[in-house]
Amino acid sequence: MTGTENSIGWSREEMAGRVAQDIPDGSYVNLGIGIPELVARFVPEGRELIYHTENGLLGMGPSPEPGEGDPELINAGKRQVTAKPGASYFHQSDSFAMIRGGHLDLCVLGALQVSQNGDLANWSLGGPDDIPAVGGAMDLVAGVKSIFVITQHCTKDGAPKLVESCTYPLTGLRVVDRVYTDLAVIAVTPEGFQLVELAPGVDFDTVQERTGARLLPIAEPTSNV
Amino acid sequence: MIDKTRANVTEAVREVFDGATVMIGGFGEAGSPIELIHALIDQGARDLTVISNNCGSGEVGLAALLKAGRVSKMICSFPRTANSTVFPDLYRSGRTKLELVPQGTLAERIRAGGAGIPAFYTPTAVGTPLADGKESRRFHDRDYLLEYGLTADFTLIKAKRADTHGNLVYNKTARNFSPIMAMAGQVTIVQTAELVSPGELDPETIITPEIFVDHVTHVPNPAHESELVAAGATYP
Amino acid sequence: MTGTENSIGWSREEMAGRVAQDIPDGSYVNLGIGIPELVARFVPEGRELIYHTENGLLGMGPSPEPGEGDPELINAGKRQVTAKPGASYFHQSDSFAMIRGGHLDLCVLGALQVSQNGDLANWSLGGPDDIPAVGGAMDLVAGVKSIFVITQHCTKDGAPKLVESCTYPLTGLRVVDRVYTDLAVIAVTPEGFQLVELAPGVDFDTVQERTGARLLPIAEPTSNV
Amino acid sequence: MIDKTRANVTEAVREVFDGATVMIGGFGEAGSPIELIHALIDQGARDLTVISNNCGSGEVGLAALLKAGRVSKMICSFPRTANSTVFPDLYRSGRTKLELVPQGTLAERIRAGGAGIPAFYTPTAVGTPLADGKESRRFHDRDYLLEYGLTADFTLIKAKRADTHGNLVYNKTARNFSPIMAMAGQVTIVQTAELVSPGELDPETIITPEIFVDHVTHVPNPAHESELVAAGATYP
């Protein structure tokens, strides 16, 4: 299944835009490093979102114009950013008080694997020669109210990233609420992975085939809920 | 779009419910959100657990809330003050319970609650009557007590200046418990002497970032408790 | 022994001045409510002391001129004060981090009783109808590097305040380093109360007689220390 | 009278001893006290335990201290960076040990150390390999890990502006770990881009009060790590 990425389904930008659609107005949001950073480009018209970067800034804005950055105004990915009107700076203990204390509404993270009960692995391949590095990922999944994962549905080798149980070292237990992939939007429910939406031109069987755990079909709306 | 302003103090405290736990900022009169407390008296919620360092003075502000019979329990460090007779009467008659907490432990419990820390160890109060019934543990040859984080359904505080997103700065020693109570309140309600637009506060100087704040209402000339008491004021 | 106060020995001001002599230049100091507040008036020439008040100010200055105070610039006794150049404001959790974390050099407190092993009772008479109130006293004695007590040697009824063991509810165990009374300066040592200095016109036997525990004489200087 | 200024970075780091634990501020290059670190390399102390969020980049600053073989153990959350090869080599060859701590737990452990809290409970890392060997406990139907406060013999940080008493303010996200490390260091050593007299900093805006600071030295134009690395600089 090598090379299937982007041949069908959503592009990275479309995945990010799809995540953005699901973020309510006025949310306080932390975006992980990589694809999650793209989400900030797609805030739907009429909504105001406040971005938090765990190295100590609430109200993060986009990258600075060339030549206008400050090497000491950076995001968690150590890239230069800007501060919007209403922004504030704070130290690491206060920043993680926001995270651990449940004050952030949403965190969007990348993943190596997500299990059907919501376990997340996204910080280490667990190789004996790897330099382990965790940053704030474990704090974010332990503290933020909702955790969205944005990821290609499969690895570059075609292996499913949505699995029955993770084989890589865990970042947190039962923490993921939704997964946004190139093929579909999938909710993590008490019954397991449940399809929410298919990318255009993608059918249920294609997604199930590329998912390492049972996938429940889209829930039919009921009149009694 | 984000606008946390509320038309007045009445709107700001509308959601407080019977039986709620309410943190109220202030050390003595400094930082006491008198106008919000008076609105809470009018609002009528009862059977409240109030977390505040003191118990007010005279018959205004927190003392008036106590006198109105709305508080079933106080969690505080220093319920006695020079002009305080309301709480002593309620306490002696058993109508208001008291959980006495050393001031630093109270502060740290509030911060812990806001920071997602369920419990921590402290050397304060070891060997004293306030350690009775508490779990203790030895680290590095010293004894410590286990203390638990505190949170609240509502927090009422006073700021010097706020923007419409809820970023706050305070006035001098009126800061005291307000920043940590803002963190620990499920719904944090702010009265501010000045109200400005986002961007008008220097991001390096904001003490309470907007993420901790829910409702902001403009009270341009807040009363000083000592002046009300000196004038013999009562509320309502 | 009623009425002995101030008939011999140091006045309250002299006691406060005597404490001030023992505070090194550059110390960070918290002064308790009451007689301890007097100490601030007696900073010896050439020394700079920084006063902390636990309600959230480092660099506390004297009372304001009449009409120039701010009801929101107060000390722990809820009296209006001023802020000196170099002062800073902070919240309660940061203020008690200074205290509990051992950053203050000295705290001067009043006392109901001090025991010969340094236990302090200063917050409650323990009466059944008392309204208990503790404030920051227990945090201060647990965290500040040195604890000095300033107190009349005996109660108004003539009962000793320096005792074998406290009968009032404790503020802290083994916390007091020195006691400054109207009659003497007394150190708390592993062997118990040890006289450091007598007030003018007061002799050892007078102090011993008014002390509820054994008093060791002034240590003779030795050539081998 | 109080004057914490030191003539230069060499004087400021003079006391650091072999085997010391040293906290170093910064997140990536923001807030990294490069000139103090270089002075520490010249000073020669070895067998250091360093607590810092990252491990530096290129061969300047913290990476240069590591490369000079002075660090026997790193306590950090993210030792990998784009231009970091020094630490990986030391780690794989076993010459520098690593204690990996989640970033928020690292921050809270440092604050706890500075605040006299010997230990606290956190939900972070429960169920992960970083919980191995750690004590856990259930509060309100959720599991938490027991984590211990961290202190240091010395803390090295960078300020934007300082007064001669040691009151500090920082620049934007360079604030990061510096205020809490200032609290947790037995001796806190500051390099500051601007040096002023007491009273020139607004007391409402001071981030680190002077009580946490021991030595202040004026480094008017601190280097940026990324520019040094881009220029291929090495130290010494």
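Lettered A, B, C and D in written order, each chain numbered from 1.
One rule holds for everything that comes next: a contact is a pair of C-beta atoms (placed from the backbone, for glycine too) under 8 Å apart; a residue touches a chain by one contact, two chains touch by 3 or more.
What you are looking at is a predicted structure, and each value in this text was computed from that prediction instead of being measured.
Student: Looking at C-D and B-C, which pair shares more C-beta contacts?
Tutor: Between B-C and C-D, contacts are more numerous in B-C.
Student: Just the number, please: Cα centre separation of subunit B and subunit D in whole Å.
Tutor: The computed centroid separation for subunit B versus subunit D comes out at 34 Å.
Student: Using the average of all C-alpha atoms in each chain as its centre, how far is it in Å between subunit A and subunit C?
Tutor: Taking the average C-alpha coordinate of subunit A and of subunit C, the gap between them is 56 Å.
Student: Centroid from C-alpha atoms only, then distance subunit B to subunit C, rounded to Å. What do you get?
Tutor: 30
Student: Among all residues of subunit B, which ones touch two or more of the remaining chains?
Tutor: Residues 108, 111, 115-117, 122-123, 170, 172, 204.
Student: Identify all positions of subunit C at which a residue touches two or more other chains, and write them in rising order.
Tutor: Touching at least two other chains: 83, 89-90, 93, 96, 99-100, 142-143.
Student: Any two chains that touch count here, so list every such pair.
Tutor: Applying the touch rule to all chain pairs gives A-B, A-D, B-C, B-D, C-D.
Student: What does subunit B use to touch subunit C in their complex?
Tutor: The contact residues of subunit B facing subunit C are 27-31, 53, 77-82, 87-88, 91-92, 98, 100, 102-108, 110-111, 122-130, 170-180, 207, 224-227.
Student: If we count contacts the way the header does, which residues on subunit D are in touch with subunit B in the complex?
Tutor: 108, 112, 115-123, 139-140, 142, 144, 148, 169-170, 172, 202-205
Student: Show which residues of subunit C lie in contact with subunit B when the two form their complex.
Tutor: Residues of subunit C touching subunit B: 53-57, 70-74, 78, 83, 89-93, 95-96, 99-100, 119, 124, 129, 131-139, 142-143, 169-173.
Student: In the complex, go through subunit D and note every residue touching subunit C.
Tutor: Checking each residue of subunit D against subunit C gives 1-2, 111, 113-117, 163, 165, 167, 183, 197-199, 201, 203-204, 206, 209-212.
Student: How about subunit A: which of its residues touch subunit B in the complex?
Tutor: For this pair, the touching residues of subunit A are 25-26, 28, 46-48, 50, 52, 58-59, 83-90, 93-94, 96-104, 142-143.
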